[in-house]
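Shared between the two complexes below is chain A, which pairs with chain B and chain C, respectively.
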Partner chain A sequence: MSFPGSILMGAQSQLLDPTIPYRFFAAALVFHILLWALIAAFPADIAAFGGGPGPALAALHSLTLGVLAMTAMGVSFQMLPVATGMLLRGATAPRAASWFFIPGTAVLVWGMATGEHPVMALGGLGVALGLAIYMVLVAGLLWRILRRAVTFEPLSGFGLAALAALAVALALGLALIVDDDHGFLHDRAGVITLHFVAAGFGFMGMLALGFSHILVPLFALSEGVPVGESRTVFTLAVAGLLAALAGIFLGIPLLTAAGALSGLLGVALHLRGMTHCLATAMRRKLGVSILLMRTGWFFLVASLMLGLATVFDLAGDRGFALFVFVALFGWLLTFLLGALQRILPFLGAMNATSAGATPPLMSELAPEGPRRAHAACHVLALLLVAAGITLELPLPVRLGGLAGLFGALIYTAFALRVLWLIRGCLRAPKKTTETPETTDKEKP
Partner chain B sequence: MFNLSLEILRDLHEEHAAMLALLERLEKLLAAHGPGDPPDAADGDTAALLDELATTLGEDVTYHYAFEETHLFPRFAQGFDPGIPGMLQQEHELIRPLAGRLVALVAAAKEGGFSAESWGQFHATGRELVEREVFHIQKEEMGFLPGLDRILSAEDDAPLRAAYAEIKAA
Partner chain C sequence: MPETTKHKPVAGDVPVLWEAGAPCLDLRDIHTPPKPLVAILELIERAECGDTVRVLMARDPVNLYPELVERGWSWTKEPAAGDDGGLRLTLTRTQPLPESSESGS
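Then we have the complex of A and B:
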């Protein structure tokens, strides 16, 4: 796989049973609503959040596990086989991952909200089992690609780094759950920071960088990022992540700062590549989804700068909380929602076509109006909640939560509409189209 | 695009680029004039666009499609996955009648301008055509042509170009 559109190669035969990715997407929609509802309902907890069980921790994990990881699993199971031309080893294992992970996340979030340790532990176990299956499946697939590749493969490179970071984040997360009841960790705050950096910048961040190499050129109809440039971005990002984690673990702020700087350099190069893709696009009308993705990139840079400021205690009392919010909500959630605005109808149309049905129009699947309304609500929510966290004021957080909730409902309606139309296509009588040996078409 | 090595593939890519540019102009016209607001078909820019639509669209769904179906889809099906050419051909079959309808509406408009009814039909057909053709070109540009670039050898280039020229001359 060395051109972005190879995602289309073999797409017909490699597409997984649609019920598998869509169950992850459907669960992510529910958690997306839940997280904004929690923010709107408990603004004082969010504005003053400094760690520990409660609605804020539940909202945070509704986002990280319920939306970000959930979507990453759905997208990985659906898109990696078609992107790489390699099948997953059966559909049972991805299904099993969903059986553990989806209810596990729900139970964990409930346990975090109520502070009930056994519930948290039970949920954590489900999440760990689901993620373990996911890691084994996807790592196996990415490893096979890496072995046959002749040059650097961005998807497998970033993907494997993401999975390694996920393993670290998962282990630390489980340790934090156990520590919540038994108190064995000497530096709980440090472990929380490590867990956040490994999960946010390591797992989701690396995945976002890797998938961008495919999705942006695919949607914009542009040249892919040159291999050498991808390799440099990868090196800077991985070196940055490792340095940041080591700096936090060893308590050496300069090392952490060096990691953030390396990350910033990598991101600058990555954004230059993405900007070049968009500048050379044959298709320039990309709608509001690209605006959301660009907003996500802005917050990515902002989060790294905030992180850097936090290392040197220059970001104030609320600096770390704001850093977490900007990275997870501003960058990752915004970028993900922008990408999904295009991925969902695209995958839907591919599924409909592979089922032999007449594919619905993109404008039928994803009308621009609701997508714009969702984007406006989302950005408003980000600004208000960020202001509330900075000023430790519940009112802006509540208003932001309500804006986010309204946006999430619009987004859910949009996504359900896509799923409903695709379901209709999949149930429609199958058309057969054979590849002709000869044709004799008349001019219209 | 992806440094396509064969001239025939670069030719097809250039036709795609020209078609996308034309569709972008059509999209602008459709955005400027809603379904109930017919433009003046004799107006300079609109008339030029309509002329180009009739020519380019007609040639695209005739020569370009026929060449792909006759010479490229079978090779791709053999070299990669038969599902992809099947999907692309299904899209050809959806786009062909849309293009035919649009070209007929252009011809009528060149005679006596757009009525409210004919513009409404042109608007709906044009919108659908733009969406289907863009989605189709997206797949061909990002998956089909780069894939062919791997399957075909330099020796295939000249015969394929000759075959395409023959189709265009027929």
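Then we have the complex of A and C:
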């Protein structure tokens, strides 16, 4: 897909070649379909999942790497420069990250599904290289933002903490792949828990909190959260994550529980800030996307409470599996899909206007009907699969997988329609007039 | 240089200045996203802002333009005068505020 157009005054460097973020989003859409298809096709494996290679592990990593990390990379590469004015140094490195990460994830998921260790190792290598490039690029950008800031900068604070957690999660993930073949880890279950907490709550969780500070005010047109409040949320979240990881590593349940409590306090404060931000915003009608984001927030609280119950063995035999499902699917996937419902049309409209074209109105780009249908399917899928995991029954899992698959197909159609409309308006005759050298005039 | 006016500030504390008969915002020192965007949109949605608004920015506000299209405004941009650098935007109302399901204000 080509996106023609001339851009003046630095917009070009803020807006990457659109094929870079969209390749991550396109890959995430494919993995989104794949994960629900795997759940629908192998419900017994999902309902009784307790670790180890197989369709359930493949579905889990289709979500974590294929959808969550994939989207995080696309959003970070494109939205950070747009929101902060700090530019990525060149487009080759983000492209290289995609060359390693996208096929690496596909190979890793295949290896996990079939249990072939060399395939898993090869996929893991690709994922590691892609994520390493991503970490270096984004850390450099966040560090420059931090140096410019005169006070606490929430995006950089949460972002750098997320990248540190990603490094830990990545190292543990690679160790688990090697251990699957060579068996050198003394406490594999403990390492799996550390890997999950570092990746889910550390990397994606911190990133979600950090991006919420710019994306929610940006979508709602609000002034954002006061710096002091952000700093407190950051302190509580980081302290909670460190305490939880240390408690799991040292085998001290009380320390892990203290971490979960600190996280709960931080989340409560964060949600208060977000609620205030939405209540005082210029744009109140955010449609179903904010409904999904709020649903994600509900599951965030639920996941922390489930985690707390799991620490004290109060959540039953399937408590840990449910905890993982609620955190990854209920919170992170739901929140991300809600945010992406607005990011995709917004990004498309930015690409169009910066190229001198007039984009369709947001209401035309992102009609409510398909978004509502997707949201209904998604929430139904969450409830059914959660019930299936809790009761160890394959039937609700299969039905939930089918609902999720249907919702994923609707979501993909919605995203493709956005891209199609933007592509169409970029190819239409431009309404832009330019005066020589310095002035760029645009008329909607 | 734009003159100070008695207009109510936008986005909390951003003063609305006045230049050549039109309101003007100097947002070059505001780097906290999305405050510059909110300040501009809050000003153009005020009934008393008129049909022209001038804005000084540190960089090209690529996230502003889709919002201007939604609200029926056009824009021109040129380098800001002086040594401070940045960008000078002139926003012009081209049509009444469209009825949009996205705008709740």
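One rule holds in what follows: the second predicted complex is superposed on the first by the 415 of 444 C-alpha atoms of A that agree within 3 Å, B and C clash if a C-alpha of one lies under 4 Å from a C-alpha of the other, contacts with A are read in each partner's own complex, and residues count from 1 in each chain.
Keep in mind that, in the parts below, contacts are C-beta pairs under 8 Å (C-beta built on N, C-alpha and C of every residue); 3 or more make two chains touch, one makes a residue touch a chain.
Please read these numbers as outputs of a predicted model, since none were measured by experiment.
Asks: State whether A:T92 touches chain B only (first), chain C only (second), both chains, or neither.
Replies: In the superposed model, A:T92 contacts neither chain B nor chain C.
Asks: Now for A:L221: first (chain B), second (chain C), both, or neither, which partner does it touch?
Replies: both
Asks: In the superposed arrangement, does A:R148 touch chain B (first), chain C (second), both or neither?
Replies: Only chain C; A:R148 stays clear of chain B.
Asks: Which chain A residues are contacted by chain C in one complex and by chain B in the other?
Replies: Of chain A, residues 8-11, 217-218, 221, 223-224, 282-285, 349, 353-354, 358-359, 361-363, 438-444 contact chain B in one complex and chain C in the other.
Asks: Chain A touches which residues of chain C in the complex?
Replies: 11-12, 31-35, 37-38, 41-42, 45, 58-60, 62-63, 65-70, 72-79, 87, 94, 98, 100-105
Asks: With touch defined as at the start, can you tell me which chain B residues reach chain A in the complex?
Replies: 1-2, 16-17, 20, 24, 27, 57-58, 61-62, 65-66, 69-70, 73-74, 77, 80-87, 89-91, 93-94, 96, 99-101, 103-104, 127-128, 131-132, 134-135, 137-139, 141-144, 146-147
Asks: Touching chain B in the complex: which residues of chain A?
Replies: 3-13, 217-218, 221, 223-224, 282-285, 349, 353-354, 356, 358-359, 361-363, 431, 433-444
Asks: Would you mind writing out the residues of chain A in touch with chain C in their complex?
Replies: 8-11, 14-15, 82-85, 148-149, 214, 217-218, 221-224, 281-285, 287, 346, 349-350, 352-354, 358-359, 361-363, 368, 438-444
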